[in-house]
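In what comes next, subunit A is part of two complexes: it sits with subunit B in the first one and with subunit C in the second one.
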Partner chain A sequence: MTTTVLLFGQLQEITSKHELQVNEMADTHTLLAELSRMYPAIATAKYMIAVDKQIISGNTKLKDGSTVALLPPFSGG
Partner chain B sequence: MSKERILKNIFVKGAIGAAFVGESIQKHSAQTSIGAHSIFLGQVRADLMDEKKVSAIEYTSYEPMALEKMHEIRAFIFAKYELTCMHVYHSLGKVNAGEISLFVFTSSAHRRAAIEACSETVELIKKELPVWGKEIFEDSSHQWKTNT
Partner chain C sequence: MANHQPYERYQRQILLKELGEDGQQKLLNAKVLVIGAGGLGCPVLQYLAAAGVGTIGIIDDDTIAIHNLHRQPIYSMQDIGLPKASTAKAFLENLNPSIHITAYVQRLTVTNALPLLKEYDVIVDGSDNFATRYLVNDACVLLDKPFVYGAISQFEGQVAVFNHSTGNTLPANYRHLFPEPPKEGTVLNCEEAGVLGVLPGIIGTMQANETIKLITGIGTLLVNSLWTFNALTNQSYQFSIATNATTSLLIPTDTAAFEKMDYEWLCGNSTTALEISVAEFDSLRKAVAIEIIDVRAMDETPVIVEFLNKQIPLSEIDTRATEIEKDIVVVFCQSGVRSKKAVAVLAGIFGESKKIYSLKGGITGWKSQTIKPV
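The block that comes next holds the complex of A and B.
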């Protein structure tokens, strides 16, 4: 089971990554714990989470092929 | 054929030119049921922070999500206001201070719907669209923009 992670804005800058693949992540809590271990700055950053383009709140189960996006505060316009 | 919905694109590369805005207005002259247009233009401001001046903003987006969200905003606004049409353009990439990065254009039979719909659409775009602005200073350093 593979999950695609997309990073934007400050988070892309902190990690120097826009996209990464992670394996065997059952839910968003597990995924975020792993990402925070890989990139400690993520642990303290402010962001919302979208699973397959839908903003979620709370722990969410992931399916094979899910895309999880970490979205810093929006600043368009 | 893709099964995905084809969503209207709102993104343009770089600044939105005055000629483009003028042509957009001109295109509506055949629609004579329209009695009012309301236009919002967002311009990049040369803010001063710690004696450093912003020279440009570089915009990025999570485009597939932004276009879905814009589709929802459009549906919400059309359900709420008696609009004839609505057009939204947002820049991606670098836009220099003094240039236009957001163009929202609403039209209706009477002024109130166009004005209120335009204003509410701008607020929703700023609040809900996954777009990020990186403020670039004259010395090439940068900081991430925050919307107020």
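The block that comes next holds the complex of A and C.
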């Protein structure tokens, strides 16, 4: 199974990507651990998580083809 | 509609069957407070004043600088150095003299927020820092006021309508996205990260649109939804926000608890900064050899010639810290906010080896309290 990850704000700078694909991620905790391994700066970054356009709190199961978005807070005005 | 209101001014929007004369009357009766008259505030104010929102409040304690003009186009060269709130008011009165506009040239604090917000029906947040954003959020939840949120960074923006009840679901607020403020330095602001000038134009105009729909009761609002836009890729997304009651525990439950909140501290803005007053600063610099650092951007005014100082903009403070030689250091900026951040950075670099202070109230405070030598 494949998960698409959409990256926003400074997470795009950390990864140099707007979007990436990862395989065999059962839930959001596993996915974030894998992303933090690939890009250590993600481990300390602050962001909220949306799974299939629903903002979640806590670990969430992923389905094949799920899209996970990581959105950092913006302070600018 | 009241006879003294020029019907012709609003005729093109009254023609819209969704809005009509009823919608126009709702706009004329509405009271909206816009927090921040910067990148987001400018388009919000322009479109709300143009649409005939009858009462508009503008709160901002900042002054206009030349580096604001690329994204705050209601201001002109001759406005540089003037307060944003009162300058915006004058601009809007020229645009639409039939509405009532109040400018508050002050910072929104736990002391003035509740009495001020109570006077308005809808709050629009165009602030530029997390401390104000959490303060606005908590005050609106406490007072049960809807607020239209917008925030930007570089090429990206976010918009939502928070704390607006529709039916039985708990209305989402900012703390449902980010329950706790981020730590200092983990998120860059416009000054540090840069911002494309048209971006706040787009995001602020979206906020004005949501505000007009909210007041007139037309269309679909971004309630329990977060809309994001990327100006580089043209991609936009709409996320739904699940609300939960536990987040409410983070919000003060009454006026007394709210007034005791230290939002600057929560956002890590004052944890390490030692501040000195204008009087303490003046006696210190006359008594001993100290190093004075100006952390404002290079083009900010007033240029300080009254005492020796070195310019190191906040964005360069970490890489140029080695240029600081003396053991007692006073850092200043325009209002005393950025200098506190610089002190926090420098304290991390020098530890106990230097005494580093932030000038409270910034150079604006110093200028206003210092009597010029004859």
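Criterion: the second predicted complex is superposed on the first by the 73 of 77 C-alpha atoms of A that agree within 3 Å, B and C clash if a C-alpha of one lies under 4 Å from a C-alpha of the other, contacts with A are read in each partner's own complex, and residues count from 1 in each chain.
We take it that a contact is a pair of C-beta atoms (placed from the backbone, for glycine too) under 8 Å apart; a residue touches a chain by one contact, two chains touch by 3 or more.
These numbers come from a predicted model, not from an experiment.
Once the two structures are superposed, subunit B and subunit C can be ranked by residues of subunit A touched, with C on top. By the touch criterion defined above, A:22 reaches neither subunit B nor subunit C. In the superposition on chain A, A:69 makes contact with both subunit B and subunit C.
Within the superposed three-chain model, A:56 lies in touch with subunit C and out of touch with subunit B [touch as defined at top]. Contact with subunit C, but none with subunit B, is seen for A:44 once the two complexes are overlaid on the shared chain.
Legend: residue contacts after superposition of the two complexes on their common chain; A:10 is shown touching both subunit B and subunit C.
Shared interface residues of subunit A, touching subunit B in one complex and subunit C in the other, are 6, 8-10, 50, 53, 69, 71-77. Of all residues in subunit A, those touching subunit B in their complex are 6, 8-10, 12, 50, 53, 69, 71-77.
Of all residues in subunit B, only 42, 59-62, 64-65, 68, 90, 101-102, 122, 125-134, 144-147 touch subunit A in the complex they form.
Looking at the complex, you find that subunit C touches subunit A at residues 36, 38-41, 125-130, 133, 150-154, 156-158, 176-178, 182-183, 186-190, 193, 195, 200, 226, 228, 230, 233, 235, 237-242, 244. Residues 6, 8-10, 18, 44-46, 48, 50, 53-57, 69, 71-77 of subunit A are the ones that touch subunit C when the two sit in their complex.
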